[in-house]
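Okay, so chain A shows up in both of these, paired with chain B first and chain C after.
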Partner chain A sequence: MKSIRKIDAIPKLNGSWKFLDDYSYEEMIHGQLLYSTCHHGFIKKIAFPDGYNLSEFTMVSAKDIPGENIVPEPECDQPFMAEKEVFHFGQVIMGIAHPDRKLLREFISNTKIEYEELSAIIDIKECLENQKNAFGRELTIDHRTGKKPDPNWIHHHKIYYTPHQEQAYLEPQGMIAVWQPEDKIMFVRATCQCPFFVKEGVETIMSDTIKEAVIETSEGIGGAFGGKEDFPSLLAGITSLLSYKSGKPVKIVLEREDDIQITTKRHPARIEINSWTDPETKKIMKIDIDYRLDAGAYQTLSPVVLARGVLHAISGYCIPDAFIRGRLFRSNTPSNGAFRGFGAPQAFAAMEAHIDDIAANLKVNPYEFRKINIFKSGDEFPTTQPILEDHLSDCLECVIEKSNYLNKLKEFKEWNKTHKDKKGIGISIGYHGGGYTGNGEKVLNSEVKVVIKKDATVMIFVANTDMGQGAHTTLAQMFFEAIDHPREKCLVQLPNTSKTPNSGPTVASRTIYIIGNLLRKFAFKIKDELGFENLEDYVASNQNEFPREFRMNFVQDPSVVFDDENYVGVAYKDYSWAACVTEIYYHADTYQIELTKNWSVMDIGKVVNQKIATGQAEGGVLQGLAYGLCEFFYKPGYGRMHGFTDYALPTTMDIPEINIEFIHTDTPIAKGLGEIPMDFPAPSVRNAFHNATGVFIDEIPLIPERILGSIKNLELGI
Partner chain B sequence: MKVSFKLNNKNVTINTDPMRRLLDILREDFNLLGTKESCGEGECGACTVLLDGKPVTSCLVNAVHIDGKEVMTPEGIAQEPLGKLLIDCFDETNAVQCGFCFPGFLVTSYHYLKTDGEKNLNKIKKALSGNICRCTGYQKIFESVMLACERN
Partner chain C sequence: MKFIKPENIDSLLENLEDNKGRTYFLAGGTDLNVQIKNGIIRNPNIIYINHLSELNGINAANGSIIIGATTSFHEILESKIIRLHLPFFQKSLESFASPLLQNSATIGGNIANGSPTADVVPLLLILDAEIELSSKTRNRSIYLKDFFNGYKQNVMESNEIITKIIINKSAEKNFITFYEKVGSRKALAISKVSLAGMKRVSGYKITMIKLSVGSINEYPRRLFKVEDYLTDKTASEIDFTKVEELLDKEITPITDLRSDKEYRYHVCVNLIRTFINQ
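Moving on to the complex of A and B:
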């Protein structure tokens, strides 16, 4: 629980820590992407503007690709660059480079592409309502009993919608490729989450024209939140090709407008729920969930998002008869991808809304109804995975008490009787399985490396990046605390694929949970192997043994057995659990919701660094609240957003007081923290709005326009 | 056009296109990389610097606007006693996450400490409202600035 300071805070503050755009190389030129402005069509002609000397430019398109024109992904269906046909707005057609960044920008914005336009689906509802748009593998979790619902049970049917969400990392996507012809190495400097994914991307596009791609991250990775999981592979491929063709180092840093328009977002979802509740016992007896995601034009990593979505779809309730069906839908928009939560925030937004809908109908308060239905040890997930602990229920009890929920319910009810503005309070719960789904961690077989030098410095080599979550501070802390080694003598090295073993991507809340716990075990193992009490003393008296390298692989717990075909078994070894209460103040004249307070209680197991964990949780909770309150990326009749001017990110003036508490921390295992804070808060805003006004809105975010529409409909009796 | 200005307490003169962005001048001509470009349209505050003592987004300031004026960047502020105090407070609370927005927050917080400095959450929120942070949820940023106000 020691809150040691971060290794990188001071250099980040005084500006000396280098982010991608802060690196330069001799003779470096600048690149940009020329992308489709047509949603679907054939490319007829590309007309470059007059008055430029074309010989100064380096240009690459699909026909220049020596290797394969397919970005390596869980589903390999997206090309690096379009060939004849474009399938979405923002599809890359060419990479273009020039020594002058500003001139290049002008050149690209004056380049005109002519298309033969074809029919396209760009509207989210048009995509998700039409079952003909479904593509890829359908996932089902079948935990049905085969019995018909009892006629006394109350049937509820609702459809919930969630929007795109933009990661809005402050540092835009960027890449530098440096072709080294003498040893046939393509060196790539990347701001990314997954250096080994980038390596595979570059080696796929370059094929045997290069011997190897070596990826090293920039010192600073200015935020990612999932947005730098797969797009960097595409960007690195094109940057490398430009460097290969020009023979010069090439840097591409996306302009914000390009970044926001063409990169991956959180998948919009349509989640339809049918449930049957016993009015006597107030227990949900049967549920049917139809979970649909708008994947965009290609599947890419959407099948994995879908998997996590269906595995979290039922939220935290024990429902004896359950059927969950998950499908991807195709549209002519850029592929949606990873964003903190990875399918789970959509699932909780729907199910936690549905729970309040049923509770209101049965006239039970939302807390009592959750308490009756929440799963406990001895129950099981719809996949049959047994529930082994009551920690979710403990989170709920703790947050109800901390927020004084029950008293506030009464207090607000009284206050609202005499005021036009309204006060409201809402609950939501959630959880997140740590690490890759099912057999994923077994397949990844992550490896870590440690080198102990003659001065007893421990150098830790892992492929996991520090994109702001403090991973490199916390990972080192897990190692040196285990063997009581001085902090300044234990450092995580900058990830570089030629020096760092593949310890997997920085995704899936797995960095501390999988790699950190592995490093802790590794420290104990080295201690046992060498038989020391104090590492510094040991190294001092056994100098001839050092420097020495040690390696260790992650071994999955044998209890994790998952049937990927039928979605039966243990999907995740450990879950992080959470519950929150959000208070709002509704301004009736402006239809605006003001968030006033949020209490979030989480079980993330052992808390390695209290301040780092709290900070990360606070940031995640705000992203979650904003998902419910104000963030959306597409508006019918307007289209996609263009930057931070029309995409509404919360500022210091929009935020509530956020209170984080971690419970059940007295355990050796640190569980996943990255995603859980984002998973659960959004529906608490919607539920608090219902508490304040008696109006349910089934589509987030709860922007004033939507509230105005719903209230008007209500007044008109629609 | 010839532009002379005071940069981090030193007099400098450059020859440049009058419409060139201050952000580019700082990064390209002076290698002052602490000033970051994030949105490029004055919304996010990552490129905030002080112009004659007032916080401005340097992506919206052109060369022509800085002639004869005084510019302070995060690098310059980091050398000032109040800048050092703020850095220590941001470090102590582990407020810094990805860090891309923090040089901008340093500049704006420094301006608040210089011009007001009252340990008052509402005032601090208002003072920092031009800077966007996506990682922290702002709580630890407020905590740090409150701490700096207390220690100043």
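Moving on to the complex of A and C:
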């Protein structure tokens, strides 16, 4: 629980740590991507502008690729660069490099591409409403009883929509490739989450022309939120090809506008729910969920997002008869990808809205209704995975009490009777399975390495990156606290694929949960093996044994057995649980919702570093609230937002009072924290708005223009 | 790109006489630099003016507050003179962009850039502000309401520059004031609608009212027709259907990436109603 200061705090404050664009190499030139402005069509002609000396430029396109023109992904269907046909706006057609960055930008912006345009699906609803657009593997979780619904049960049917969301990392995507012909090594400096994914990407595009790709991250990675999970593989491939062809180091840093327009976003979703509730017991007896994601033009990693989506689709309720169907839909827009929550925020946005819809219909307050239906130990998930603890219910009870929810319900009701503006309060709950889904961690077989030096310094080698979330501070802390070693003598090394074993990607709330707990075990194991009480004393008196290297692999708990064909079994060994209450103030004149307070209670198991954990939780909760309230990315007829002027991230002025509490912390296991704070808050805003006005809006975010459309004709009283 | 840094105001005005084609004055640069970076303005002729002390500062003289064109919003927000005489104006500008931009952006720049969303303009319009335009041969003052004549268009000659903004010291005196800037967030927002209002009420009767709107026409404007209708009426005498009818003649809200015309219209109506009933 010690709040140890982040190791990157001071070097980031004083500017001494380097982010990707701070690195420079001798003779380095600059690259940029020439991408399609057509949604679907054949490339007819690429016309470069006059007045430039073309021999100064290095250009690569699909035909220059010595290896495979396919980005390695869970579903390998996306090329690094388009060949004859482009399938979406933003698809990369060429990589172009020149010594002068500004001149290169002008050159690219004046390059004209002619297309023979073909029909394209660019609108989210057009994509998701038409079942003909479904592609890839359909996932189903079948927990049906085969019985017909009782005629007395009340049927509810609703369709919920969730939007794109932009990761909005501070540092845009960037890559530097340095071709070293003498030893045939392609060295890549990356701002990324998954160095080994980047390595695979470069080795796929370069094939036998290189012996090996070596990936090292920049010292500072300025945020990622999932956005730097797979796009860096594509970017690194093209940057490497440019370096190979030019013989010079090449740096590509995306302009913010390009980054916002062409890189991966959170998948928009259409989630249709049919439910049947027993009006006597107020229990939901049967549910049918149709979960659809707009994947973009290619599947890439969307099947994995879909998997997590369907596995979290039912939210935290015990519903005896359940059927969940998940499908990906194709559109002519850039592939959507990883974003904190990974399919779960969409699932909770729908199901937590639906719960309030049913409660309102049955005239039960949203808390009572949740309390009746929430799952408890002894119940099971639709995959038949048993629920082993009541911690979700504990989160709900705790947050209801802390927020004084029941009294506020009454108080706001009275206040609203005499005011044009309205106050509202809303609940939502959620959970997140830690680590890769199903058998994923078994397949990953993560390995970590530790080197203990002669001065008893412990060097930790893991592939997991610190992108500002504090992972390297916390991972080291888990090791040195286990054996009571001085913190300054325990450091995580900068990930480099030639020195670091593959401990897997920095995704899926697995860094602390899988790698951190592994390091903790590892520390105990080394202590047992060497038989020391104090590592420093031991090293001092056994100098000839050091430096010494130790390695250890992650071993999955044998109880985790998941049938990936039928979606039956244990999908995740440990879940983090959460519940929140959000208060809003609704401004009637401007149709704006102002967030006033949020209470979030989470069970993330052991809290390794209180300050870092609280920071992560506050940031995630805000990201989740903004997803429900204001982050609006695509407008039919007008397209995508261009930058942070239009894309309304909340500012510090917009942040409500956020109160975070962690419960059930008295356990040795630190569970996933990365994603859970983002998963659950969005629907609480929507539910609070209903509490304030009596109006349900089934599409987030609740921007004022959408609110006006929904309430224009409704009399709100006073 | 041509870049000139004149030594003093005379040399600046001299330069403007020889000026051929469009010139951009660079002060805070918060609009200009973005437009250059985004390629909206290419190879501009730039005259840097932020160092000219004649154009900077806030003074009270002869019943007026005079604000130099290159005075930053930060300076206005910190000014004791403004706080004493124009507290409503000062308070309203707190929602301008963010502290970083307030430090750099200038009042003259916000006007000259001519954006329909310029935050300072609706406020200056209801304060009946004047601006001084200077050239080598003459100085002339015009009311700000007469300055714009189209989207990003104004009456300034190619040899002129805005040097001062002049507001009557008692412009706010005995007025009930109203200002609401509606954006997608509380700071760093470009307004979707803004409404500035001042009124005097005697008994229940509105004896004088001034209203202006931003982001809703090709440039921020006073709502003179609505003002005329509301003057000398009590709240109960006001027919809101009539207000909406008049408003239709005075505003031309549009739908764009940022918002919708219906939204802009309804918010405008609601804010006027709230101000009248205040």
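Assume the second predicted complex is superposed on the first by the 712 of 718 C-alpha atoms of A that agree within 3 Å, B and C clash if a C-alpha of one lies under 4 Å from a C-alpha of the other, contacts with A are read in each partner's own complex, and residues count from 1 in each chain.
Just so it is clear, a contact is a pair of C-beta atoms (placed from the backbone, for glycine too) under 8 Å apart; a residue touches a chain by one contact, two chains touch by 3 or more.
Computed from a predicted structure; not experimentally measured.
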{"item": "Comparing the two partners chain B and chain C, which touches a greater set of residues in chain A", "value": "B"}
{"item": "Which of chain B and chain C A:54 touches, first, second, both or neither", "value": "neither"}
{"item": "Partner chain(s) touched by A:588 [first = chain B, second = chain C, both, neither]", "value": "second"}
{"item": "First (chain B), second (chain C), both or neither touched by A:467", "value": "first"}
{"item": "First, second, both or neither for A:225, with chain B first and chain C second", "value": "first"}
{"item": "Chain B versus chain C as contact partner of A:9, first or second or both or neither", "value": "first"}
{"item": "Which superposed partner A:22 touches (first chain B, second chain C, both, neither)", "value": "first"}
{"item": "Touched partner set for A:645, first chain B, second chain C, both or neither", "value": "both"}
{"item": "Partner chain(s) touched by A:612 [first = chain B, second = chain C, both, neither]", "value": "first"}
{"item": "Contact residues common to both interfaces of chain A (with chain B and with chain C)", "value": "644-645, 649, 651-653"}
{"item": "Chain C residues touching chain A - in the complex, by the definition given at the top", "value": "39, 98, 180, 182, 184-190, 256-260, 262-263, 266-267, 270-271, 273-274"}
{"item": "Chain A partner contacts - residues on chain B that touch it in the complex", "value": "32-41, 43-44, 46, 73-75, 78, 86-87, 90-103, 106, 125-126, 128-142"}
{"item": "Complex contacts: residues of chain A adjacent to chain B", "value": "3, 5-6, 8-10, 12-19, 21-22, 167-172, 220-225, 255-257, 467-470, 609, 611-612, 614-616, 618-623, 643-645, 649, 651-653, 655, 658"}
{"item": "Touch list for chain A against partner chain C, complex", "value": "109, 588-592, 630, 632, 635, 638-639, 641-642, 644-646, 648-654, 703-705, 708-709, 712"}
